[in-house]
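Look at the two complexes coming up: chain A is in both, with chain B in one and chain C in the other.
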Partner chain A sequence: MDIDDLLAEVAVDAIPQETRDLHELTRCWVAERVSPEILPWPSELVDRVLERIRKQIELVEDQTGNMDPKTSFKLIIIQTELERFKFLVRSFLRARIKKIDTYPLHIKALHNTSLDTPFPLLSPSELQYLTSHQALLSNHYSSSFLSQFPASLQRLDDTAGGISMVDRPDEDKAVFVRALRDVGEIFVEGTDRRFEMKRGDVWVVRWSAVKRWCVGCGTGDVELI
Partner chain B sequence: MYGEASNKLVQNAKRTLALPHLPPYASDLTRSITREVRDLDKDVAAVLAPYAGSFNPSEAPETACALLVNHLCMRRNKRCLLAYHRVRSDKLEAYCWEGVDVLEQQQQQGHREEGRRAGGGMGAGGGKEESSLSPEEEEYVRQYSDLLAAYKGQWTDIDLTGSLEPPRDLFIDVRVLKDAGEIQTEYGSITLTKNSQFYVRQGDVERLIAQGYLQRLS
Partner chain C sequence: MALSLPPGLTPPEIAFLCEMELVTIIPRQRLEGVELLAGPIRPLHPPHRSNIPLWLALLLKRQRRANILPPPWLNTHSLTAILDHETEHAETFSPPPRLPPQPSSNTLPTSPPFLPHSTADAAPDALPYHWLELGEMLLEAASDDFEEADNVRKLLRGLREVRMAKLRSGVEVLDAGGGFKMNGVGGIEVGEGRAFITGVIDGLRKIAASREQQRKDRDQEELENGYSGTANYDDDEMDMQ
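Right after this comes the complex of A and B.
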């Protein structure tokens, strides 16, 4: 451990947990909106944030009716902050739901393989939503027309004929990234392109090439912007 | 035959994407495509019957080709049907998220048409379909809004269906477009009468703006 690491540690401790959570949530939110794939569910972070939102709502409810101009001014600030936090969480959840709705079967398969890792892809309630939504859809299809099809054509996850019925996100989509630490050499698969990514660099690169280092699903050396 | 009907259906779906409302469900097309698939399947079975399970494509390439065409058509028809239904169900889901009650709208539309027909003295309109949703779709909407309500219920503090615009001001100016009665806010109750103007907390009136009772003044 050299002096830089020590300094970094002290610096991190100096920032309160609340502020760090806000930064982390903002980062997760941006990452989720930009990345083509769904990222693992940050359960601890969300739990902490929700807990704090709940407390603030209670505080606001307790203190309304207090006519002291000083407290009402404070309340307005708290409520403004509250609205912003709520917006972040809401937009984050909606971005995830949108991906879940677009690639249900693919995400479900990925989630099942991620169950063994410490970071499952979906939260329990998201999984429940996905499963029931999928059940609803297939019910709808089969009552509308699919039940009258020959049995061999009734499946929804067929891969015969060279076309898979399971939609997948485009993992080669270009994303904007900024390196938070030196990453080293990056090799873009399928091309002969190699480049060096240093701290502070901003690149437009294929998602599949930098996924390993991204905030939210990898080492956290690179953030999406 | 051979995918003509499903081509029409896909064009219909494409058009639906750009429309603000949902056009009537193409039940005739859906039925005829399903029939076509069944006929094709029967054809395949008839062609394969004399071979009794020991068909070798390289011995009879012309038969194999016919089978392939039939198979591809069936698959294509299935894909088109799925796409059509998916486009429509996506649209219905979007309505659910926006808080538009599709079923009620459909009913109102139906009543209005009935009223017009009765008023115009046209008599019974020959069993014309009033709702643009198929019965299956109505059922789907009902179940999906239940599902959505259940998922939303786990995030009561957040209000998932709330605005996706980043909040700027806590308080906004609104004008009342339709009488909305009395609402309770943290600062007491306000009576919303038509054409009056208020300076209220955005979170309190967001629903009413979405439903068209209030208009936001910038």
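Right after this comes the complex of A and C.
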């Protein structure tokens, strides 16, 4: 470790938690917008950010009556930033809901297996949305037509005949990634491709091949762009 | 309400990201410090320079409360040099700015848009990740802070053309099966190329899917039979030819 590393370490510690949360949330948002699969719910990060947003809204409401031009300009800055944060959170959540809507049964199964790990896939409200939406849908299907089918044809998650009815995302989809640290050799299954991924490199590569290094669902050595 | 956009960032979203880049301003008015959600903004005292996010710099600029100092790579001299480099090396993009030293292993390294690649003391000889977006936004909002705004604009156009041509010309490399490297690519270029590049790669993969599956099964079998994967690797390649 040389002097540059030491300085860098001090510099990182000097970055306030708020700023680091913005970095992390931005990264999560981009990852969620780009990745083919839904990523584990970053519950602590979102809790911190939502709490701060709530406080900031209170502050804005408190000071809106203030006619002093200096304070009111400060308020404009605060509100602009507030809107930017709200956009980030909203777009992040909507990107997740889209994936939940597209692959409900698959995600439900994944979530149930993820409950044993420290990072559940969905937040409590997302799970509630998923279950009640699915309940409504299957009720509707069965009352409008499914109940008139033979019993063997009524299931919505049939896997008989080698074809599963459960839609799943294409895990081999190509994604753009940037390495945040040296990753080492990456091997793409089923092909002859092996390559070194170094810090700062940008690669187009299959999601399945880099998933375990990605920010949000793996070691965090690689980020999606 | 689910998001109705396809995967991948749209141009406005990329611009939103770019607005988080730090830029250097020279304030023309005093401004008290503000506690923002992303941490505090230090008080501005003219004529001391200050590094603030681009969105805030644009807000101050529009109200004539500050002047923006264009980053050192965004002037005719640097851009001409980079453009020359781009035209000489037809295969690759010009190298991205040097990365800061690696932080300790327990903290997440920062990456664009949060690296100071567009402040007044950034490197003058490399295009950062958000080069085009940042250049366009600064030229639109703060063209009076440039020395030769029109020439800078012209050079940015030129760079964009050269780099877009590179992005388009590389269709053959997309059949790389596993992946390929694109160091130095810019944010908006990723956004524009994403649909085409990933579309071609995914399409080609589906065409070759059965061959890949065979190979996967064979690799699996070998692993189970106790062969060492690498010893057999050369033979496999011979078989393919």
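Quick note on the criterion: the second predicted complex is superposed on the first by the 216 of 225 C-alpha atoms of A that agree within 3 Å, B and C clash if a C-alpha of one lies under 4 Å from a C-alpha of the other, contacts with A are read in each partner's own complex, and residues count from 1 in each chain.
Criterion: a contact is a pair of C-beta atoms (placed from the backbone, for glycine too) under 8 Å apart; a residue touches a chain by one contact, two chains touch by 3 or more.
Since the structure is predicted, the reported quantities are computational estimates derived from the model, not experimental observations.
Asks: Once the shared chain is lined up, is A:R94 touching chain B (first), chain C (second), both, or neither of them?
Replies: In the superposition, A:R94 contacts both chain B and chain C.
Asks: On the A-aligned overlay, A:I53 touches which partner chain: chain B = first, chain C = second, or both, or neither?
Replies: Both: A:I53 reaches chain B and chain C.
Asks: Looking at the overlay, does A:T80 come into contact with chain B only (first), chain C only (second), both, or neither?
Replies: After superposing on A, A:T80 lies in contact with both chain B and chain C.
Asks: With both complexes overlaid on chain A, does A:S144 touch chain B (first), chain C (second), both or neither?
Replies: first
Asks: With the two complexes superposed on chain A, say which partner A:D170 touches: chain B (first), chain C (second), both, or neither.
Replies: second
Asks: Which partner chains sit in contact with A:Y129 here, chain B, chain C, both or neither? Use first/second/both/neither.
Replies: In the superposed model, A:Y129 contacts chain B only, not chain C.
Asks: Is A:F119 contacted by the first partner chain B, the second partner chain C, both or neither?
Replies: neither
Asks: Which chain makes contact with more of the residues of chain A, chain B or else chain C?
Replies: Of chain B and chain C, the partner in contact with more residues of chain A is C.
Asks: Go through chain A and flag every residue that touches chain B in one model and chain C in the other.
Replies: 53, 76, 80, 84, 87, 91, 94, 101
Asks: Give the list of chain B residues in touch with chain A in this complex.
Replies: 30, 33-34, 37-38, 41, 71-72, 74-75, 78, 81-82, 85-86, 89-90, 93, 134, 136-137, 139-140, 143-144, 147, 151, 154-155, 157-160, 162-164, 166-167, 170, 186-187, 201-203
Asks: Under the definition above, what is the set of chain A residues touching chain C in their complex?
Replies: Against chain C, the touching part of chain A is residues 4-5, 7-9, 11-13, 15-16, 18-24, 26-27, 30, 33-36, 49, 52-53, 56, 70, 73-74, 76-78, 80-82, 84-85, 87, 91, 94-95, 97-98, 100-101, 170, 172-176, 178, 180-181, 186, 188-195, 199-206, 209, 215, 220, 223, 225.
Asks: Within their complex, state which residues of chain A touch chain B.
Replies: Chain A residues touching chain B: 50, 53-54, 57, 60-61, 64, 76, 79-80, 83-84, 86-87, 89-91, 93-94, 101, 125, 128-129, 132-133, 136-137, 139-141, 143-146, 148-150, 153, 156, 161.
Asks: With touch defined as at the start, can you tell me which chain C residues reach chain A in the complex?
Replies: 1-5, 7-9, 13, 16-17, 19-20, 31-32, 34, 36-41, 55-56, 59, 96, 99-105, 107-111, 113-114, 176-185, 187, 190, 194, 197-198, 201-202, 205, 212-213, 215-216, 219, 237, 240
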